[in-house]
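The next part holds the structures, each set out as structure tokens.
Next, two complexes with chain A in common: one pairs it with chain B, the other with chain C.
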Partner chain A sequence: MPKRVLLGLLLACGLTAPTLAQEPKTGGVINAVIQPEPPGLMLAMVQNGPVQMVSGNIFEGLLRYSPKLEPQPELAESWSVSEDAKTYTFKLRKGVTWHDGKPFTAADVLFSVEMLKQTHARARNNLAQVDKVEAPDDYTVVFTLKQPFGPFLGIFEVGSMPMVPKHLYEGTDWKTNPYNNAPVGTGPFMFREWQKGSFIRLVKNPNYHEKGKPYLDEIYWQIIPDAAARSVAYETGKVDVLPGGSVENFDVPRLSKLKDTCVTGAGWEFFSPLAWLWLNNRQGPLADKRVRQAIMYAIDRDFAKDVIWNGLGKVATGPSASTIKYYTDDVKKYPYDPAKAKALLKEAGYKGEKIRLLPLAYGETWQRWGEAVKQNLQDVGMNIETIATDVAGGNQKIGDWDYDIAFTYLYQYGDPALGVGRNYISSAIAKGQMFNNVEGYSNPEIDKLFADGAVATPDSKRKEIYEKAQKILVEDVPVAWMLELQFPTIMRCKVKNLITTGIGVNDGFKDAWLDK
Partner chain B sequence: MKQFWKSMLRSPSGVIGLIILVLAISVALFGPMLFPNSPWRMVQRPFLPPFTLSAVPLGTDALGRDVFAGMIFGARVSLLVGLVSTLVALIVGVPIGAMAGYFGGRVDDALMRFTEFFQTIPSFALAIVLVAILQPSIYSIVTSIALVSWPPVARLVRGEVLSLRTREYVQAAVVTGQSNTWIIMREILPNALSPVIVLASLMVATAILLESSLSFLGLGDPNLISWGYMVGAGRTVIRQAWWITVFPGVAILISVLGLNLIGEGLNDALNPRLSREGR
Partner chain C sequence: MLSFIAQRVLKGVIVLLAIVVLNFFLIRLAPGDPAVVMAGEAGASDQIFVNQLREKFGLDKPLPEQLFIYVKGVVTLDLGFSFRQQAPVAKLIGERLPATLLLTLTAFAISLALGILFGTFAARFAGTFLDTAITVFALIFYAMPIFWVALMGILLFSVTMDWLPSFGYETVGANLTGFSHAVDVAKHLIMPAMTLGLFFMATYTRMTRASMLEVKRLDFVKTARAKGLSDAVIQRRHVLRNALLPVVTLAGVHSGTLIGGAVITETVFAWPGIGRLMYDALLQRDYNLLLGVFVICSAMVLIFNLITDLVYRLVDPRIEFAS
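So, the complex of A and B:
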């Protein structure tokens, strides 16, 4: 379970406590911040964070996920798995229509799968184990796998596999399809208007397939480029919801203390963002395991959590966030211990070679973190030079392996086979790309463990494999794990039931209502 | 020389400016000896208000770093950038201006069009672009500040040389067969120098401001602490912790003011008519 307590404020707010006592009220308009402005809204084509946040309420996936990442019905009302764990049969909900009135059927699912394989890199990976997809009738879809794939039921989230209207996309050039700018989904809200640089307006879908939902009439996603201005917009009442990451961390305590304000760290369980330092295993002092271990001992991660992240999040113990399946903390521990770090550096024969540090150009918090880590490493005698760069330049340097240490954070998608393995297996070493094994760690044993883990059955077997992999990785320190990040959502307490799933605001407006 | 110091010390603004500059330079030179610790070190709890602990008299910033230590180390970077980039600008600008003024004609045209090319681009925008392209570091910052500040020097020197060029003693030097370099270096430049010196003192002030603005925008050298960086980093928390921004801001204000006062004092002292009349 993620630690959801933020400075003890949550307890007073009761957001995670059930609000069953109250009957949802219909009507009302919500203003939420979206940061940064999304590059588009067609979820099948672009999947940046803000796109998922807005479009997750326009589109839907076959399944939805609880905060514990258990699959729940969405467009599929039920599903079954065959004995040999290779055939998954989904029964689709009847009476679902697209926003333009056309019915949603199994043909749309088949089309979406084909389209996503070409437009959505992660979906392509997730679907790699699928042998064929068939539709025996309009409301049944059968996925047949090449071999059993443990995390299969975890790939149907709306951002990972959004359903696309076949009748609007088939036979067109997807990139230039006019519906990319006015997306048509099956979700609780319909796209109405996008004033670039100002706001995106969604309105209630009156024909939504769950009767009575959604409760809200409209959502305005306000686009406010400056972090301080976003805080002020909340204070002055212009917006009611600040999704995670939309204000700077040091503003969180101040905003949390405002009247009628509720804060929660929930709603990120599916993503479980984990921050770490890429360590270039290929060259220089960092090729030595002892130097990498020294880095783990040298960095005061509790300080980073308490000061830079204002107490939000959790110190990471290894490659998996604690919310990910098969997580174990029964691994080697790296407490803050500068003396030990110095000893390890000495043992490794480090002689003050220059080491380049690339901070993440995502704003103040990350810059301060870069400065703190640099100081930590200098304190144990490492010669660190910070390289200033922008987001694109940093991505390029990391992708080209032109760095020694670099900050990053990645989503983990609930299962080690979906979000963890990709950063450590040697087949994921590909120059020029981000978010794979850019540290260049290569260990046949780890390769084998992740390959076996993905297809092993039953669950207990997978657990055993992944726990072993975690132990080996934490001993080897291919990257330096820092924090399980937590992005608090700040909102007025009158906004109820916004965060009920593992992806929070991204598909939360379906259940949200305003207590007027 | 004696005359110069006399008139310099007679003008109150010059004296005040000199005092400020001497103070700032000695802080930059000797301050770090009093604070052997790196200004990046986290020494106390974050957001400690000023005047609460004698160890950190001006409080701490968002990471618990000593604001006072930051200001002392920042003085070094700010003054260094100001002085070095002005020096570089003079090294580029004076010869160009002198050649343009002395040779005239096509040389003048070519050099002045080249100068105007730089003058037409807003200097701060150009500096930002240059630093962004070259990757922020102390070298790229000095280079870009120098590159945007030499054109006024060139134009000023050209104007002075143009007028001195026609003086009898210069023409006499030409007639006696002195080489062009000799004439420029020995006859003309020394007499054209006083307005350049005044301009240079103001350029140092401008360069400090430019460096601060670049650092404020996050384009400073990430390995060096400077006043502009401190203001920029503290800006976002100004509502919680005013002192992180205010103290380095005041340091920038005072040192720029000091340099401007010196400029004024120099102007008075180096202007022969003004100084002889004794004001």
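So, the complex of A and C:
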């Protein structure tokens, strides 16, 4: 194989292509909503959505990703891959400083890798293929892998692998380090103030390494716990940006029609949230493939998309979202067909055994969806009992496999090896944990395909493997795939360039500006 | 009186400790493990991560040992550490308590003052249009759920009329100080305090009215009238004062309910108090923080009840403190 050099083309300029029509203006303040309140802002210690959204402005990763999930430079200005696809060399930007003025060097990268292996579950899994990390000089970092790992370049965005200041964390108790609540990063904005329960204030980093950026002076993240109150805050002009998922879905069409309001569904390509129903494959009627297929036929997913999600999103065809690599729709199809569902249930010998359905306690939209699915399943003769819990209780039930059908949605992180395989391979069956193979599906062929797919080269080989895996899974229906979710970001039209990458608002506001 | 107070404080401390122990077990009865919640929020979970978190929370220790550590902490005024929020519980509560006190005490004062005033008017003019109007409004406010009143208030006063801010404690980013800051906070306070106070105001109105009508029929009122006292004096010194006892009792009981109502009000109006802190801690199974808020709220209820007992004596000097 010829030496593949995936040179970082310094595409930061290219990323902002849509702005070329208008010259960015500097200055101004953006008020955005954050919900729920982040538990902390140290991205290496906590990684829930709100933390990423705020801290994506403070911290940075080595790379970011375009909407097509191509790697782009961030703290690494270029990178190359060896011929055997086992050595990745990153050249770091020079002249980058932490917010306290200390220089950012390769030593910080090495420290971050070691810390994240202990504090960041996803990073630990992503780094499992790494044999060693070395720093030949202050601005070069070399990752040597145990074997080729296809999605390796996809693990370096800020939420997956944030860079941590070695000089502030080395030798300290990480979990009680005072910088956890006053974080110091290299990002375009610096932490200034956090009034718990009210707001988080970030201010422009005047020494940011991309000259001229950021354009904004300040960002206020307003903490408003009630969904209706968040809508009102936007309507009354108190906030300018409602990141995806901030308001109930049924409020989106109404808010979208407000004066000077712009809406975009972009910025979720990397995460590609996919909603499905966990089906407990271990016991009862759901252990029979025909019953699981009947569930796919029984549920009117177009209705869910059009009515419950107000036309947002896309009906899922299988385990991969259409926005991630190696997706194929050349799989068995499950249109809404109650008659076929009834026939399959009859064939499987289903006799009205009680089936427990666990909706997701994420608000009104999910509650309504739970009711619609229950109705669909009852219509084909299934005996459904809804179990009401809060999020914590629901998570525990799912992790303990104490359910029959349960709603969920998960991120896919751009590559089947990072965000799909974990839900179907038998080595990911582990009681007490969520987000792995909690349905208990076990198929040696699938295990082998995902194992091979992660390390196969070239890309065409990976494609072939993952397409085959998708076909088998869609036939077996280990879980019932529902929708590729879309969480539109609602904002004032004067806010320009808010979303420029596939990571969306989680990637920071460094390109955003206000057309005052 | 001092020995009465000392005795009540001692009893209060014992009750508080019993509440701590009870809550400690109640919280752990709820399904949902804090380590699993945090792992869930991280978007990934493996056994190493969950075990790390359980160790951090001290959840890997036997339950009696966890209880001993917690009670020992409470006795030494250490409410523990919130690992989710990465800060001491006392600090987190301390940051939020003033906002809740401001909200609940304002709501309490408004509801008590207006409730007694309207109740007195209704009783004084019993059977008239004024009485009917007050009774009907009191019934409406009594029946309406707090969250609905809150949303309607926002719709009317924020969205439609643009008179009052719809959320928060102050105007973020305005950097106001002194009197202008106080005015700004007051503007933000009006809707949440009224929302929280309306239900209680309705209750006190109805209670004052009923109680006054009952007292009015008693012999000593007739005697006062026979002595030739003016109507105003009779109403104020004889009827109202005697009629207030059940209202004071109810107000004491309501101190706990007010904090419960604050959870909803603070959530809808994004008021940064401990009601919301408690709600978030509950959803996230942040045991130490939740227990800490419970301890503070229980202490507040006990203090309110002690104050109620003392107020009894002021309202009715015939009541003696049994020691």
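Throughout what follows, the second predicted complex is superposed on the first by the 497 of 516 C-alpha atoms of A that agree within 3 Å, B and C clash if a C-alpha of one lies under 4 Å from a C-alpha of the other, contacts with A are read in each partner's own complex, and residues count from 1 in each chain.
Definition applied: a residue touches a chain if its C-beta (ideal position, glycine included) is under 8 Å from a C-beta of that chain, and two chains touch if they have at least 3 such contacts.
Remember, it's a predicted structure, so these values are computed and weren't measured experimentally.
In the superposition on chain A, A:Gln47 makes contact with chain C only, while chain B stays out of contact range.
When the shared chain is aligned, no partner comes close enough to touch A:Gly311: not chain B, not chain C.
In the superposition on chain A, A:Pro73 makes contact with neither chain B nor chain C.
Judged by the touch definition given at the top, the superposed model places A:Gly284 against neither chain B nor chain C. In the overlay built on the shared chain, the residue A:Glu248 is in contact with chain B alone; chain C does not reach it. After overlaying the two complexes on the shared chain, residue contacts for A:Pro338 are found with neither chain B nor chain C. Of the two partner chains placed around the shared chain by superposition, neither chain B nor chain C is touched by A:Pro148. Touched residues of chain A were counted for both chain B and chain C, and C has more of them. Of the two partner chains, chain C is the only one touched by A:Val29; chain B is not.
Shared-chain residue A:Ala228: touches chain B and chain C both.
Chain A residues 228, 389-390 lie at the interface with chain B in one structure and with chain C in the other.
The touching residues of chain B, when paired with chain A in their complex, are 38, 40-42, 46, 62-64, 132, 135-137, 218-219, 221-223, 233, 236-237, 239-240.
Chain C contributes residues 30-34, 36-50, 52, 56, 81, 83-87, 92, 95-96, 99, 151, 154-155, 158-159, 162, 165-170, 172-173, 267-273, 276-277, 279-280, 283-285 to its touches with chain A in the complex. Those residues of chain A that touch chain C in the shared complex are 29, 31, 36-37, 39-40, 42, 45-48, 118, 120-122, 124-125, 175-176, 180-181, 195-199, 201, 218, 220, 222-226, 228-229, 232-233, 235-236, 238, 389-393, 395-397, 399, 410-411, 430, 432-436.
Interface residues of chain A, counted against chain B in their complex, comprise 227-228, 248, 250, 254, 303, 307-308, 359, 364, 367-368, 370-372, 374-375, 378-379, 385-390.
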